[in-house]
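Please read the structure below before turning to the comments.
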Amino acid sequence: MIDRFTELKKIAQKDGHVLYNIFFGPNHPGMNGNFGYVLDMVGSQVVDVRLNAGQLHRGFEKLMEKRLWVQNFSLIPRVCVVDPDPNEVAYATTAEKLADIDIPKRAKYIRTITLEMSRMTSLLMGMGSVGGATGLYTIMYWMLSDRDYLLDMFEWLTGGRVYHIFNLIGGVRRDFPEGWIDKILELMDYFENKLKEYDHLLYNNPIIVKRLEGLAPITGDEAKKWGVTGPNLRATGVRSDIRIDYPYAAYNEVEVNIPIQEDAKGDALARAIQVRLEFEESINIIRKAIKQLPEGPVRVKIGNPLKLRIPKGEAYTKIESSKGEFGYYIVSDGGIKPYRVSVRGPSLPVGLFLCKRDLPKIRIEDVALWMNTYSICAPDFDR
Amino acid sequence: MKIKEMLENIKKEFPYIGTEIQEEKQARIYVCNDKFLNILTYLRNEKFEHLANIFAIDWIDEKEFEINYNLWSYEYLVSIIVKVRIPRDKAKIPTALNIWDHAQIYEREVHEFFGIEFIGNPDLSPLFLHNWKDLPPMRKDFDTEAFSRKAFDVGEREGEK
Amino acid sequence: MIFLILLKAFLITLWVVFIGLLFLGIGRKITARIQKRYGPPFYQQFIDVIKLLAKESIWHHWIMILGAIMALGGLIATALHVPIAGILPYDSNGPIFLVLYLSAIGYLGMAMGVSASGNPNAPLGIGRALTLMLGYEIPFAAVLIIFMGLTKSSYFLQIAQSQAGGILHWNFIRYPLAFIGAEIAVQAMMAEKPFDQMIAPAEIASGPLVEWPGKFLGLGMIQMGVSVFIETAIITNLFLGPSHNILDFTLKQFGIYFIALCINAVMPRFKIENAAIYLWTIPLGLGLLQMLITFVL
Amino acid sequence: MLDKIQKDREKRQSAWEAVINYFRKRSLYMLHYCTGCGAIELPPIMTSRWDMERFGIAPMATPRQADILLVTGYASQKTIKRLIYTYEQMPNPKWVLGFGSCTINGGIYWDSYNVINKLDRYIPIDLFISGCMPRPQSILSAMKKLQEMIGKGEAKGYERYKQNYEWYKKNQRKLLERETPFLDGGEK
């Protein structure tokens, strides 16, 4: 494969006529999100890739400097559309670290539960998009309609379907409504049954296995070196999870069993299966968190939020999102607005840099699959 | 190994740095301009293998840029942020490309938004912005609201059909 | 006399287009139901085609128009030589070789048309379509040879009539292996998953259809309908016995299409080389095995 | 006499339009282009709970095949360039739906340096949907409203674009092909 590839590349360099461009994105159906690669192609083989990023750039980091500490909560979920909650929690936790606020235990548990729910919505979308990229639309439709149940629970709890703006500095906005907990436990049972159906249709499907196996493999050491984090790193067999290594919310009390595959190869199949295992683990975490849920208030008083000042200082918080490490570095100069907020998105090293290593070895039909198994989310590196 | 000992070890090797502990698992290292690559290499060999990101802070009152290298060790489970200050009017700094490959893309991003030049980075062409002629937008002296009013005509509806 | 033939051909063309689009519409509904949706009304495909034919069209080269017409013309010419419940515009008896030959013209026309459009996705799709054609023609030919050998004739009509005398005489009961092989080959012919590499949206942005606006897309949809009609009609003639009237025949056709749809809804797509290898092993193997059982044992 | 012929022709044409408008409104192909965060609510309205395919609205892969362009949220400078390319590639008749407050006045990003504020200065919009982000119900009701407008022949955004082509082009050029900085002191 490699030999044929270098040969093709040589031909491409010598003769400009055999080389042509394909704009893979932004409005290519295989692309999820407003982002694009310009692929240099010979036949159906990709020989080079150029980036076409920035369609989603909104200047978040600049805008956050212009808004009040509390106002920013309406901005930050929009950094990652499919998995918005880690942003809120990362921002709130960092601000709490700076202001030295200790939030109530119940609020920590509520954050944990909402984070896991948000992870589940994102993972459902990720699993479904693997089906979408290979033409198995049925599984995509099933998963997306199941995702709606989770969004309904979010709507009941927070009032918003996609963006919840549920966390605040000092806790969360409100406690669980009556009957919410019974319903979510019911929903977890529903998903556990559904997983078997997903397995039949997607993960045990011989064609899917055949297509994903051996696609764009990466070893654990390489993944660490290239900044790959989260489920994609765990798919290479590295046991690393920020929920355990650097706990936030209530993860130091709720037990997390990181799912690691035996003989993980780090190829696309391992990544796809990893997502499914993570989904199962999320169900367990929600159940455990609800079992251990303490009583008490959900928020500490922080005074008038419009006049909230955070003491001078800087801190970094990293959160394990469904795509990898989400980090917020916040610098405060003691004012009513943050001095500087820097966002570390999980997709950037993969989507903008690892692509230069991986894509020129695969063919056009695998580009969308490669993106989906790495669960690249364009808004978090465009910001 | 506790974070305190770790910092002391580093300090033994490089006596000229300043350190600060944020919390149990997080610390900062302040370093002057020309030595920071040695420290990054040292940390990289000392199992701080994950470069989470590179970002800059514009300290406009002090006329300085601060470049931050956000590191994480999978072995010690500790996060260290290496901070380098450079003067604002001579914004040039050597690249960390030889230590981490993907530093390239972060440096490209910082270059675009702050106008800081990374010496030795082969590709610093614009990536996110379209046909940008103004000041690099993330600098503190760039006024985003005025730009938006001027470029996108906020609030006025005259001249339309 | 010639007018009678032309009238017949015209009416058959209308019928073919009507049934083809109806099948596509019902197919959308069934797929939607498998995906747990309500789905569009069954006549949606007619609305789509009429709208598309009334839409503005853009072409980059007159070859595009020629290609589109040639593709549709080739397919309709094919359809006129496949007996529909024994009905043919003239006494051709449904010559198998002519049908195989004509059905390739559709793809060639398409190839010519879309290559002129200048979009790189289109030739990629056509390349896949032609590779796949290589894949399914061989197993299909193996199946055809069995029946041609058995009936000593190269006409669909004779093969259909040779199965007279009740359901137990139908070929799909007497030669089940050949039937399965042919079913798989037809799945590829209809470009249903797992063999829809040619129009894979997530990979090559719908391949040949990528630069087809308005009327071209409308013609393309009619073409799709006609090709569904032809392929189901071929299988019906080969395996599902002689049909007494046109309704009987259409229902049988729909049965074939229904199976294809159900497989289509739960299968992802192969890579093109895997698809070709698969077609050359499983269906061809089944065909050859059936041949061995029929002629040697 | 000539007038009468002219009138007859117009009458015939409008009758033809009325018939064809019925088909147009019952079959809308939507371009698969997610310009912003609003696109996350498009998959749900394709799935079982809302299922827009029952109204004949289906996603399509390329601009050449599409009838409606959904601008799902804010448009950055790079996106507006793509949107203009895409819009001009689509064959007539074509319609544009603007999603969310970002397309109306910039919404939450009104002071951002990279997000345009009024989308209708660059391409003609037939219908705006308010909200950030619009719920699936409101998207669906907007689609129904658009169908109604098409049925009555009211949605004529593409003709507006043709008539005011110069004006639109001027706005687009001002933004995308600028040669001088917008603010003073802008040199790199």
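Letters are used for the chains, namely A, B, C and D, taken in the order the chains are written, and counting of residues starts over at 1 for each.
Simple rule for what comes next: contacts are C-beta pairs under 8 Å (C-beta built on N, C-alpha and C of every residue); 3 or more make two chains touch, one makes a residue touch a chain.
What you see is a predicted model; the values in this text were computed from it and never measured.
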Greatest Cα-centre separation from subunit D belongs to chain B
Rounded Å distance, subunit A centre to subunit C centre (Cα mean)
43
Hey, how far is the Cα centre of subunit A from the one of subunit D, in Å?
30
Round to the nearest whole Å and give the separation of the Cα centres of subunit B and subunit C.
60
Where subunit B and subunit D are represented by their mean Cα positions, the distance between them in whole Å:
40
Mind pulling the subunit D residues that touch 2 or more other chains?
32, 47-48, 61-62, 76, 78, 111-115
Which subunit B residues sit where two or more other chains touch them?
128-130, 137, 142, 144-145
Where subunit A touches two or more other chains at once, by residue number
29, 54, 57, 59, 62-63, 66, 141, 145
Just spell out which pairs of chains touch, all of them.
A-B, A-C, A-D, B-D, C-D
Give every residue of subunit D touching subunit A within the complex, in rising order.
31-37, 39-41, 43-44, 46-49, 59, 61-63, 74, 76, 78-79, 82, 86, 108-109, 111-115, 133, 135
Could you pull out which subunit D residues touch subunit B in their complex?
76-78, 81, 105-106, 110-118, 121, 164, 167, 175-183, 185-188
Flag every residue of subunit C that touches subunit A in the complex, lowest number first.
34-37, 120-121, 124, 127, 193-194, 196-197, 200-206, 265-272, 274
For the complex, which residues does subunit D have touching subunit C?
20, 23-24, 26-27, 32, 47-48, 51, 53-56, 58, 61-62, 64-65, 67, 90-93
Sites on subunit B touched by subunit A in the complex:
22-23, 25-26, 28, 49-53, 55, 57-58, 68, 70, 72, 74, 77, 79, 81, 100-102, 104-106, 113, 127-130, 137-138, 142, 144-145
